[in-house]
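Below you'll find a set of structures to go through.
What follows is chain A paired twice: with chain B in the first complex and chain C in the second.
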Partner chain A sequence: MINLNFVYPEIFLSISLMVMLLIGVFKKESSNIVYILSIFSLIILLVLNFNLFDKREIYLFNEGFKIDFLSTFMKVLIISSGIFVMLSSSIYLKATKIFKIEYPILLLSSILGMMIMISSNDLIVFYMGLELQSLALYVLASFNRDNQLSSESGLKYFVLSALSSGLLLYGCSLIYGFSGTTNFNQISLNINEVQYGLTLGIVFILVGLSFKISAVPFHMWAPDVYAGSPTSVTMFFAILPKVAALTVFIKFLYIPFINLIDQWQIILIFLSISSMIFGAVAAIGQENLKRLMAYSSISHMGFALAGLSVGTNEGIQSSIVYVSIYLVMNLAFFSCLFMLKRNNSYFENIDDLSGLSKNHPLLSLSMMITLFSLAGIPPLAGFFAKFYIFLAVVKEEMYFLAIIGLLSTVIAAFYYLRIIKIIYFDPEKEKFDSDHNIGLKFTLIISTILILIYFVFPSSLTNVISNINIL
Partner chain B sequence: MEFPIISSLILLPFVGSLFIFFVKSNKSNNSIKYVSLFITLANFILSIYLWIIFDKSSSNFQFVENREWLMGLINYKVGIDGISILFVILTTLVTPLCVLSVNSTIKYKLKEFLIAILLMETLMIGVFCSMDLVVFYLFFEGGLIPMFLIIGIWGGERRVYSAFKFFLYTLLGSVLMLVAILTIYWIAGTTDIEKLYEMGISSEYQKILWLAFFSSFAVKTPMWPVHTWLPDAHVEAPTAGSVLLAAILLKMAGYGFIRFSVGLFPVASEYFVPLVYTLSIIAIIYTSLVALMQEDMKKLIAYSSVAHMGFVTLGIFTMTEQGIEGSIFQMISHGLVSAALFLSVGVIYERNHSRIIKDYGGLVSVMPNYAVVLMIFTLGAVGLPGTTGFVGEFLILMGTFKKSFLAAFLASIGVILSAAYMLWLYRRVIFGKLEKSNLITMGDLNKSEMLILWILAIPILVFGFYPEPLFNTITQSVTNFLDMYNSNIEIYLANKE
Partner chain C sequence: MIIHSIFFYIFSLIAIVSAIMVTVSRNTVHSVFFLILDFVSISCLFIMGGAEFLGMIMLIVYVGAVAVLFLFVVMMLNVTQQENEWFQSKKSKAKSSSHIPIGFLISTIIFFELIIVIGGWKLKPELSESFNLSVNNDLTNTHQIGYVLYTDYIHLFQISGMILLVSMIGAIVLTYRKKEGLKRQSYIKQISRDRSSGVEALEVEKNKGVSIDV
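Right after this comes the complex of A and B.
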């Protein structure tokens, strides 16, 4: 008997999606209501998810769906950052005239896809979630359809993503062929020895997943899509799909294929090192803040992968800590971007920030805190994120990875400092508008404060995450 | 529970900066200036009180506070012993002077400047008090943020270049130290210094860990050849920034050498003594020669700082009581003297807007009071008997003679060179004919400048004649520290055989 109790969050989200779609169709001028309703449904979803925190290892649908602490925690991360993304971006959407009913609905269906992805315990279920997520994201990327760049980025993302999905699917079929099943638990039972077909399957799936988190060398799409999409979608891109894909990374590598760690560890180390270095070096020359954030997120994902490549529980936990902190920093940074508005047009070049500190001291302060934190300077949260990663990496005596990673933070520090320099040291420009709504201010304040005071209670996050024991 | 005196020392400036942050700044900015002055003075008094109740006959860490902090394994642990207490007092003495000096030197964004200075004080005191490597690293690196802003926002023309250079150099040095700290955490199971002192770190790891720590401290000290950030940072920073940089930030590294490099890795320290000797002596002689050729006063003092810090590293790695005590004394002395010299340069820069030596000459006839105090500081930097500079250099050279005649001989050349460049600077600026017309109108020191400079001049003279109170404080800890060091070396040699 399938106990549907445990999939109430997913069911609730699907139903509310359909209801909102109906409202959108039958009621004119309903985009505001739908937007507010979707925020509320996300909040209810969050509460529903909190109820699952005490559940350990529940299998549903022929073991195709698994609810455990990891999945619940990651869902909470995703849903809460979804709420903050929506809270902070409504003004932006209105100003750029893309405040339509489809927007929140697509956002929610993408979140639904991610939730399925996170809970999946079967290659087919996983693929289904992934595609639901991606399809919604293709549309979102090109949502500003009057804008050439936005359409281009949507198309680009669609073509490349479809290619990577194809590779991923091919990997799935290889794995099915060599292990005789698509279920994660079964796969781990069925494989006894190293088979090249299986390794090939793992590689294909890793390629597909690396594409989703934009790890080098599968990062090509990221800068264009980040820069072309509406900023609110970029914010979404930078946070949610990464969290979801990283969870799948964890589940996929550590549940069925933990015995083949020798096969995939080196791939992960390569992905991690190349992302860290490439992300840091390529960001230096960028002039567009969204493009820069694309490279920055590439390098951050490199760090998260470094934690995963270790192959221990500490490594997994450290990468989860990393994405949790990464997510807060990105929320803060993008909320700052939403504040760079003058006469209903938004500014996204680094030069536009020139002398920001003179006219907007508080905004500059929080931007500076966020940037220093992204650079990983103590005592801000970003430092602890890196600290945990390297703690795990050094424990397994992977000094090479640790030193490369830390040197890349020095390179990365350069371009974050450059933004701070422009904000604080350069001559001022015209004032920006300051009529921000409460949701945006709230997001910025909460995330900045979290970054700032994390060092007072560093154990609060790690204590929760230490419950995640995959191995 | 006892009153957490160390934590209040660390947190008081931080609370002050929060307070200033929320105060609305008005035109005259007087209120925030008084608040920060009050807070830094209170901190100074608190640290003096700490010195008085500090048990000088004990070599243990005192006033220790230990709180669970990170993952239950890394604790927030602070305390002081004879080695660190003087640095804390130096910090709390110099910061109020920086606050006093902002009157004339900081023209805009005063509120932010005071916040940065107070944050710096918190971080600097934290560095000297932390008894855990991770906590130490946090304070050590955290100082980069306010200092970057101080140089970058309130600095001179090439401030951006200097701020970046300062930040990236120091960060690059420190990340390797972070790897080393993490490694220590896994091989020893703790980062608590007291426990690490007891257990010792196995000698196979020591050399590589020592190098990692060295990379950080050498940049911060700064030692030749990674000293090039210092002249840039000093020249471009505003006066108060230069003062903090010279008086305290450089001392973090010297302190780190004693506490961590020598304390944790005795075997490696013994092994690397020739390296440190060589680098120190190159620093002493080479940078002294470079200082001779400088045309910019601040740059000259910056290079002289590198030379003086060369003496400090030399003294520490003699591993003798005289050497280490001399180094600590030299650091305190250099803290006072270099702070005073930078403030003095600031005084004439405010009047004439030039730091080029050639633009001055004959100041003695218009600024007699200034000439007197500058003389004291110059002689302090030269190391004339009767000033603190002499005591430090003398002890260091004495310690060095015990170990290596050649090193001591070469270092003595540095003493002569330092007399040459400092006295020559003094001659060119103060003596000679007053020829430049714009100098004639320059007024002598005003009251607040007098106050600031004499506050620094008095300890330089007093402790130069009577260094006993300082030595009383440090001797016990240093003796004990060296006993521990020597026994470690003996155990290592015995095992080797």
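Right after this comes the complex of A and C.
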């Protein structure tokens, strides 16, 4: 007998999604209602997920689903950041005239796909979840279809992502061929010696996964897609898929293939080093804030992968801490971007920020805190995130990785500090609008406060995450 | 048994001939029709081989959807009378077409692949028995697929339903445009009209007429 009450969140989300679709179809002018309802359903989903916090491991559907602490924690991260993304972006959507009923529904279906990805314990389930989330993301990227850049970004993302999905499926088929099963637990039981086919399969799947988190050298899509798609979608792109893909990274590498760590560790170290360096160097010349955030997210994902490449429980925990702090910083940064509005048009270039501090002292203060935190300056949250990673890396005596990480932090600090300099010391420009809605303000305030006071209670997050023991 | 083999040869002959006709026919629409004929005869072969589910899926998916889509594309792009440049290129008669060597190469590769597959199958017959699937021979394979699809793989079945739903929503979002000023029929309004609101008596002035636009 299947314990369906452990998949209640997924079932609830799919049903509420369909109900909202029906409301949107049969009721005219219902975009607002559907938007609010979807925020509420996300909140209910969060509550349902909190009920699952348990240290037990529960297998469902022939071991195809695995509900454990890791998956529940990551789901909570995803759902809560989904709520904040939706809260902060409603005004933006209305101003750019893409406030349609399909927008929240596609967001929810993408979240559903991520939840399936996160709790998957089987290659097929994992792939289906991945397809569900990326199919919704293709449409979201080109949601502003009358805008050329948005359509371009959607098409680019679609073509490249389909290619990477193909590679990933090929890897899955190789693994199935060499181990005789698609189930993660069974795979780890069936692998006895190193087989080149399996290694090839792992490599192909890692290519597909690193495309999803835009790690170098599979990052080419990220800057264009981030800059082209609507800012609210960029915010979504920068946070949620990365959390989901990182969870799959952890599950995929540490459950079936932990015995082959010699094979994949070097790949992960390469991905991590190249992402850190490339993300730091390539962001220097950027003028567009969204493009800059794309490169910054590449570099941050490099750090998260550094934690994963260590191969210890501490490494995994440090990279989970990293990604949770990363999403808070991104929430803060993008809600600052939503505030740069003048006469219903949004500004996203670095020059537009010049002299912001004279007209908007509070906004520039929170932006400064966010940027300092992104640069990893103590005592803000971003410093602790990097600190845990370095701690885990140095403990395993991987000094080279740690040194590269430190160097790239220094390089990356340049462009974050440059923005702060432009905000505080450059000649001021026209005032921006200041009539922001409550959800946007709430998101910015919460995330800024979290960044600011993290150093007071650093153990509250790490204590929760220390329950995640995969190995 | 003899009837069985007669049907087998008829269907395979049709399949092969129509596959050749797909490539050599000058009219693109004819090519698509031959493709449909090819699909239909192959699905008949599947059904004869006892794989009726595969045959029906072939009919529904390839004939019902893919081939019709091809037909639409051909008609939309208006390439019905394509120049036949398979055997000689029109522009420079001296040079022969570049399609032939590439096509020949690909067919050779496929041919050798077939030889390898059949060789492996003939030389190592225990390969096909190594699958430890428990097959109940009393049931048709549609039944068998149904038994696992709705029990062991119900979650995947449901997720694929969600994927199809999302793809449908996405297609509508990206292509549907609301037309302004489109006149639609509203039955409620038509039925609930009564004489007082529908008919109006007007005093028509001589040599002037009235404007009856509403």
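A few points about this structure:
In this text, the second predicted complex is superposed on the first by the 470 of 471 C-alpha atoms of A that agree within 3 Å, B and C clash if a C-alpha of one lies under 4 Å from a C-alpha of the other, contacts with A are read in each partner's own complex, and residues count from 1 in each chain.
By our rule, a residue touches a chain if its C-beta (ideal position, glycine included) is under 8 Å from a C-beta of that chain, and two chains touch if they have at least 3 such contacts.
Computed from a prediction, not measured in an experiment: that's the story for all the values here.
When both complexes are overlaid on chain A, the residue A:125 reaches chain C alone and has no touch with chain B.
After overlaying the two complexes on the shared chain, residue contacts for A:378 are found with chain B alone; chain C is out of touch.
Once the two complexes are overlaid on the shared chain, A:407 sits against chain B while remaining clear of chain C.
Applying the stated contact rule after C-alpha superposition, one finds that A:415 touches neither chain B nor chain C. In the superposition on chain A, contact of A:254 is made with neither chain B nor chain C. Legend: residue contacts after superposition of the two complexes on their common chain; A:139 is shown touching chain C, with no touch to chain B. By the document's definition of touching, neither partner reaches A:218: not chain B, not chain C.
In the superposition on chain A, contact of A:226 is made with neither chain B nor chain C. Those residues of chain A that touch chain B in the shared complex are 361, 372, 377-379, 383, 387, 390-391, 394-395, 399, 402-403, 406-407, 409-410, 413-414, 417, 420-421, 424-425, 455, 458-459, 462.
Interface residues of chain C, counted against chain A in their complex, comprise 152, 154-156, 158-160, 162-163, 165-167, 169-170, 172-174. The part of chain B that touches chain A in the complex is made up of residues 68-72, 112, 134, 137-138, 141-142, 144-145, 148-149, 152-153, 159-160, 163-164, 167-168, 171-172, 175-176, 178-179, 182-183, 185-186. Per the touch definition, chain A reaches chain C in the complex via residues 14, 18, 21, 60-62, 64-65, 100, 102, 105-106, 109, 112-113, 116, 124-125, 128-129, 131-132, 135-136, 138-139, 142-143, 145, 154.
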